[in-house]
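Here it is, the structure, as structure tokens.
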Amino acid sequence: MSAPPATAFVSVEDRLRVEELYARYACCLDDRRFEEWPELFTDECVYRVVPRENYDRGLPLATLSFESKGMLRDRVYAITETLFHEPYYTRHLVSGILVAPDGGGFRARANYLVVRTKAGALSELYNAGRYVDHIVEDAGTLRFKEKLCVFDSELIPNSLIYPI
Amino acid sequence: MSAPPATAFVSVEDRLRVEELYARYACCLDDRRFEEWPELFTDECVYRVVPRENYDRGLPLATLSFESKGMLRDRVYAITETLFHEPYYTRHLVSGILVAPDGGGFRARANYLVVRTKAGALSELYNAGRYVDHIVEDAGTLRFKEKLCVFDSELIPNSLIYPI
Amino acid sequence: MSAPPATAFVSVEDRLRVEELYARYACCLDDRRFEEWPELFTDECVYRVVPRENYDRGLPLATLSFESKGMLRDRVYAITETLFHEPYYTRHLVSGILVAPDGGGFRARANYLVVRTKAGALSELYNAGRYVDHIVEDAGTLRFKEKLCVFDSELIPNSLIYPI
Amino acid sequence: METIPRPIELDWHPDACARIPYRVYTDAAIFERELERFFYRGHWCYVGLAAEIPNPGDFKRSAVGERGVVVARGRDGAITVVENRCAHRGVQFCQTPHGNTKTFVCPYHQWSYDLKGNLIGVPFRKGVRQGDRVNGGMPDDFELGSHGLTKLAVEVWNGVIFASFDHDAEPLRAYVGPEVGRYFERVFDGRELAVLGYSRQRIPGNWKLMMENIKDPYHPGLLHTWFVTFGLWRADQQSEMIVDERGRHAAMVSRKNDGGRSDAVTAGVTSFKENMVLHDERVLDVVVEPWWNGPTVTMLTLFPSLIVQQQVNSLSTRHIVPRGVDAFDFVWTHFGFADDDAEMTRRRLRQANLFGPAGYVSADDGEVIEFSQRGFAQHAGLETVCELGGRDRGGAEHNVTETLIRSMYGYYREVMEL
Amino acid sequence: METIPRPIELDWHPDACARIPYRVYTDAAIFERELERFFYRGHWCYVGLAAEIPNPGDFKRSAVGERGVVVARGRDGAITVVENRCAHRGVQFCQTPHGNTKTFVCPYHQWSYDLKGNLIGVPFRKGVRQGDRVNGGMPDDFELGSHGLTKLAVEVWNGVIFASFDHDAEPLRAYVGPEVGRYFERVFDGRELAVLGYSRQRIPGNWKLMMENIKDPYHPGLLHTWFVTFGLWRADQQSEMIVDERGRHAAMVSRKNDGGRSDAVTAGVTSFKENMVLHDERVLDVVVEPWWNGPTVTMLTLFPSLIVQQQVNSLSTRHIVPRGVDAFDFVWTHFGFADDDAEMTRRRLRQANLFGPAGYVSADDGEVIEFSQRGFAQHAGLETVCELGGRDRGGAEHNVTETLIRSMYGYYREVMEL
Amino acid sequence: METIPRPIELDWHPDACARIPYRVYTDAAIFERELERFFYRGHWCYVGLAAEIPNPGDFKRSAVGERGVVVARGRDGAITVVENRCAHRGVQFCQTPHGNTKTFVCPYHQWSYDLKGNLIGVPFRKGVRQGDRVNGGMPDDFELGSHGLTKLAVEVWNGVIFASFDHDAEPLRAYVGPEVGRYFERVFDGRELAVLGYSRQRIPGNWKLMMENIKDPYHPGLLHTWFVTFGLWRADQQSEMIVDERGRHAAMVSRKNDGGRSDAVTAGVTSFKENMVLHDERVLDVVVEPWWNGPTVTMLTLFPSLIVQQQVNSLSTRHIVPRGVDAFDFVWTHFGFADDDAEMTRRRLRQANLFGPAGYVSADDGEVIEFSQRGFAQHAGLETVCELGGRDRGGAEHNVTETLIRSMYGYYREVMEL
């Protein structure tokens, strides 16, 4: 996606609401309140984590590809109950949010960096990339209708368990 | 701290003032204007740097635990005059600021990342975590009444000299 | 540059326009739309990438030092046509933007972090520092009249090809 | 920095392939010998799919062991593989992951090579005329012919490209053998492939641990909740463990059942979740494909570098690229067939959520491999125990066995002389 | 990646313990021998406090040398320590830093162990019945009893847990000896402890440098401004240097004075700040505790892995976990006593600002250790000079000496045969 | 962590300096010997410019090989160089990159040294009086004189500072020799220098590759578009390759032409961009300086640690600091002359865009060096081919040759006994 039109067309309030959505997104993941994560999406939604390589070359494979809030809930169940892994902290840094109006909602993109820290180990740069999102009004609040995480860090340090 | 209520309750101006406080905080530390750092706090204040491990387990030990602007000044004296160390640059990245009104002031939280660079060495990921703060109006400007730096990076790369 | 005066003097709209300029700057570089990069500057402009060491000691040498949009275009030609290098992704994280009015335009500073990712390799912390900028109104939009990238990461991991 | 590895003295009881010394996972000297004897001599390594470079001039970077190579398709359509290292002064000349080109030009001094690796141009080879004299140039006896790139032997088997630094390696099909080759040709029967995309992970464990993982039918029904709970793979299934005559390659073949409780195979298994139901079952919307002829899963290990996966409708090749003795890169290429309809493609992509670095039944394989490596590092003198299903080698009619791992180490000891 | 270390040839003049070759801080071969002889054989290592696992089933991860272990409290209340490595195929099975459990289950194939490390369950050990046949399973002669986790010897001394891979190690109290043991029991007299929290740092220097640092009463009054200025520790104090008969353990005992100028010990000392006053003195609000019986500071080194700190009202154990020859992790556990009132707890926490990776009198210890390691790396052939207070070993009635360091190296040479 | 390097057995055909074994770029044992024989014995290394420490008491940190040193100007104006390592217990005492001081004080125990490296103070050397007794202190036979810092031999040549750990090294001018010395004094003729600033890069390749790069007149006109297109350096230029009698140092001297198309040197050269024009030509606003006396470019290599650059109006020293066998730091100090006017200074700074880690004609040098190292790592047994301009050594009247590289390896083999 090339850069969206000037956010001048978005009201200050809306812009801040979008920023807040990103902040809450990072906050619930980094606090490990995973069960709240699906609630930031609409029932019908798309969440995809995509290597930049596949994205740029038009290859459809995603590292994670979910098509409904149900699939997001199944993921939460997996990371909390079924996927054995060494637990780690995540820390999301998000900047460069660009917002453009789109029908009732917004198209937005932002840069992100996720830092991973395992118990007793040094923090490491884990995953960097960009969000390419579609955000809509949903029951009086903003939610992600579509969230694409296109990551530069194609060589994943072993595994990717928690959402990006 | 779970996520604060929607910042919608905070005026745009106040939100930007809070953002600016964070920017000035990072700016004075990264510019090494340490003597200005205590001035960003109220006289009665709390500043604590806490390993996430202790924070999550309810253990009271902090890596740094100050209870007054006086203690902050004593720290500034130490890092400039008494604590022998290899000097390093810091670079603070802060994002995901969430603000909620609280009495006259605000409760805020944000994610941060501190990059460390020593002379003649490569930059390194030094300390990542979150700020959990209480901000108040003080003589016409905003100051930290309480600032908690809860860090994921529990294994500190040797030493922690400058404020987080 | 010491911290600029309170951004309270800058209108909310202007502040958001400045933030957007930074977002578009990062966006066009990280998307590798290099040809758009010079367009974010005025015709007469200054772009310098300076090791913090030289900056702090008052030494004039810069890693890159351009004095016109023409020189920026020449750089774009070089990185796309003449400078042999291993291609890499960049990811810019920018935070702590401080803005102050200056005549028709603005003085601004911000912290940045650039993450580098080479094909088939792990992402690495590449360059951290601060932007010290002069931004002006130019044909109805904001552009950089002067942009200084003062970097902490004095020991550059081999080469610096793309703009910071 | 190169260092001299500890000299190899393992007291490994002859033919005790049911016990594997930790040392083989941690010793740099052993690893160097593995590279020499498995990756660079006498064996075939996977380098890619023909479908990745469909047109003349297409190329992609790949690797054989720790050596970078370039896989290209010549103007004549023939596929060639050369080492990514200039004959002049050693530069790894190709830095773009993939592309299309007529020649390879080294950036440093512009020596140029054709896609077969022949040196075709050396700037100023005959010197540079200045006035009446000719300056420099290469010696008269300098022959382009003797300064080409290192060329690898290449065999393409139904669209899958293998290469070897050893031009005397036995033919590929003989190398794989009929037992496992049969299952290779079940997936790769010559149909045109459609590449769906890539996943890449760096796993901090010795490369052999991944070979073991895919020769280990014991763990899926225990480590992977989804397998045991939904019956995709568990101990009570009809399975066959197939191995080639030398014991190096293998096929794990099985047939899914309906899952659910079973005193025999779920009692006390903490990963079994009796009441687990998916909120959205499209991820497991399996449709039988005619070419399966029965098995719902076939996992092939083509020693030393390739794993071929068919798990219901999800297909992938997995490329093992060692990175020192204690890590390897694991490159997944998911694919379907050119004649898949949109529905089937969507299905393969949905089921891909089970695989790769984040997959429901494979993210944890990388994790346990990392934990194994850590365990080995703690205690140089010890050995693992691989005695499920006995202590001998060969195939089996079921999956309650570690025989394929023992078989691999039988072959390993022979070649490594350990 | 394991590499063979330079063979050990030090020309170290017999009993010249006042000169220490840089090589002992930088040579991988020497480090391997140290692990073997100090951390894994004949010695006791600290692994935690009983107060960290108060209830049956509680466990925490810890380390002995470079080996991960799990410290647990059984249902009978007894504390056990096992290596964190599965007997099957080596997996470091425990990945949670602490918790409560009935058994240890390895994720890979669900072998399960009781908290004592006994193997109690192997899935499909007897095979899996399919129709009329039984598939796989472990060999008939497979004995659970011979495949347990590696169990460590354990001794708990007044709430402090020590473990050893060597079940023939001499009893703990004899190992520590009466001279230093007396001071150990001064802090740990059996009172219930209250854990206040943890600090962790990775220090890029050889582990012995930290032992030296706490056997070095010379530096506190010179490196640490706070000590010399406020009289917490300086050369003119009444001090005693105590060492066990073998020279490996030590206690530095001293009594604070009022600080301030003194021609003898502050003249020309750049770290002394005559006019320094704190803006907020609560950090140094010291209250004498009855059990001190005089000394205001006692610093114990229990070779090779533990430091016990009493600095006025601040108490901590410091655990040394080597990470290769040139780094170690340093884990601080601050504690008080169960019967401390809120005021005393607050006091201990305030004084904690002096200690740990950011502490006023300890952040710079980590720094100088890093600088020492860099110095050693520059010049393989040289040696340090430890001649303050003479060249012999043993205790002292003052702190103007490096005798404790010399004593440690006397013991070191004996055991290391260097 | 130190490790024992592979014993050095190279079968390197006697005097085949036109072929260089990859091993010399990747073998840790060879690198250790290089440090010993080139950086620490018998050679002079660059440590800085006198203009960087103009005043008494000024100091800066620098390095000789992998050893940190401090370069200082004494009260008498004399320049001294000492190793940055305390004689007491090895601490790298100086942690500020540059500054002004009267003495060096080690932080750990405050041993103090004068700028010449003499030990002038040891706290409590005579012990500390307590009541009627004197506690501790250094032994009576302890002599300050025998515990100074390691002092290096120093020579300052027209403002350029060289140091050597070997006090028996031949005099600097003899070491450099008249052939190359002449060009050294062309740039450094005694005029006062003005430091413009620093650039630093870490290049992941063996240090010798940078020496080769600046002894390689073959690549500039091929790798660097700007050189060939704008005629700053290309094969059809009037050039001279100068080498000292031992073959270790060299000067590449050349004269720019107008660039543009030329069948001889641009035909088929992909880096040549015939129609390239700058949007802003100020970067190439070259003004001839009287002292050039003809050549527009002179590139000097003073083995093993220094490169001196004059490229039209841009001047710099480039300091090679090895970081293990496979990396080095490359420190650029750009300078002009004290009597430059503002216009000339601006010109030098503009032209600096061509150089350094981002420079139009040098960023890619670091890249190709990295790619070479990767190539070497792939294939331990092979060798590079350096046969342009023949197989012999010595100087040349043109730049179509690799003779300077061969000359360096002639000397290299002699000293390294390989």
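Order of writing sets the labels: A, B, C, D, E and F. Residues in every chain begin at 1.
The working rule: a residue touches a chain if its C-beta (ideal position, glycine included) is under 8 Å from a C-beta of that chain, and two chains touch if they have at least 3 such contacts.
What you see is a predicted model, and the numbers here were worked out from it, not measured in a lab.
Trainee: Touching both chain A and chain D: give me those chains, sorted by label.
Mentor: Touching chain A as well as chain D, we find C, E.
Trainee: Which chain lies the greatest distance away from chain C when centres are computed from Cα atoms alone?
Mentor: E
Trainee: State the chain with the largest centre-to-centre distance from chain B, centres being mean CA positions.
Mentor: D
Trainee: Weigh D-E against A-B on C-beta contact pairs and write down the one with more.
Mentor: It is D-E, judged by the count of C-beta pairs in contact.
Trainee: Taking each chain's centre as the mean position of its Cα atoms, how many Å separate chain B from chain F?
Mentor: Measuring from centre to centre gives 43 Å for this pair.
Trainee: When the centre of a chain is set as the mean of its C-alpha atoms, what distance in Å lies between chain C and chain E?
Mentor: Roughly 48 Å separates the two chain centres.
Trainee: Can you compute the centre-to-centre distance for chain B and chain E, using the mean CA position of each chain? Integer Å is fine.
Mentor: 31
Trainee: Going through chain C residue by residue, note those that touch at least 2 other chains and give them in order.
Mentor: Residues 12, 53, 84-86, 93, 95, 113, 119-120, 122, 125, 154-155, 157 of chain C touch two or more partner chains.
Trainee: List, in ascending order, every residue of chain E touching at least 2 other chains.
Mentor: 3-4, 95, 97, 107, 200, 202, 223, 271, 329, 364, 367-368, 371
Trainee: With touch defined as at the top, which chains are paired up in contact here?
Mentor: Inter-chain contacts occur between A-B, A-C, A-D, A-E, B-C, B-E, B-F, C-D, C-F, D-E, D-F, E-F.
Trainee: If we count contacts the way the header does, which residues on chain C are in touch with chain D in the complex?
Mentor: The touching residues are 84-87, 119-120, 122.
Trainee: If you look only at chain C, which of its residues touch chain F in the complex?
Mentor: Going by the criterion above, the answer is residues 49, 51, 53-54, 57, 59-71, 73-74, 77-78, 81-86, 154-161.
Trainee: Given the complex with chain F, which residues does chain D contribute to the contact?
Mentor: Residue list for chain D touching chain F: 1-4, 66-68, 83-93, 95, 105, 107-110, 121, 123-124, 127-130, 135-139, 142, 147, 150.
Trainee: Could you list, by residue number, the parts of chain D that touch chain E in their complex?
Mentor: Those in contact with chain E are residues 3-7, 22, 26-29, 31, 212, 218-219, 222-223, 235-236, 238, 264-265, 268-271, 324-326, 364, 367-368, 371-372, 374-380, 382, 384-391, 396-401.
Trainee: State the interface residues of chain E toward chain A in the complex, per the touch definition above.
Mentor: The touching residues are 61, 95-97, 107, 200, 202, 329.
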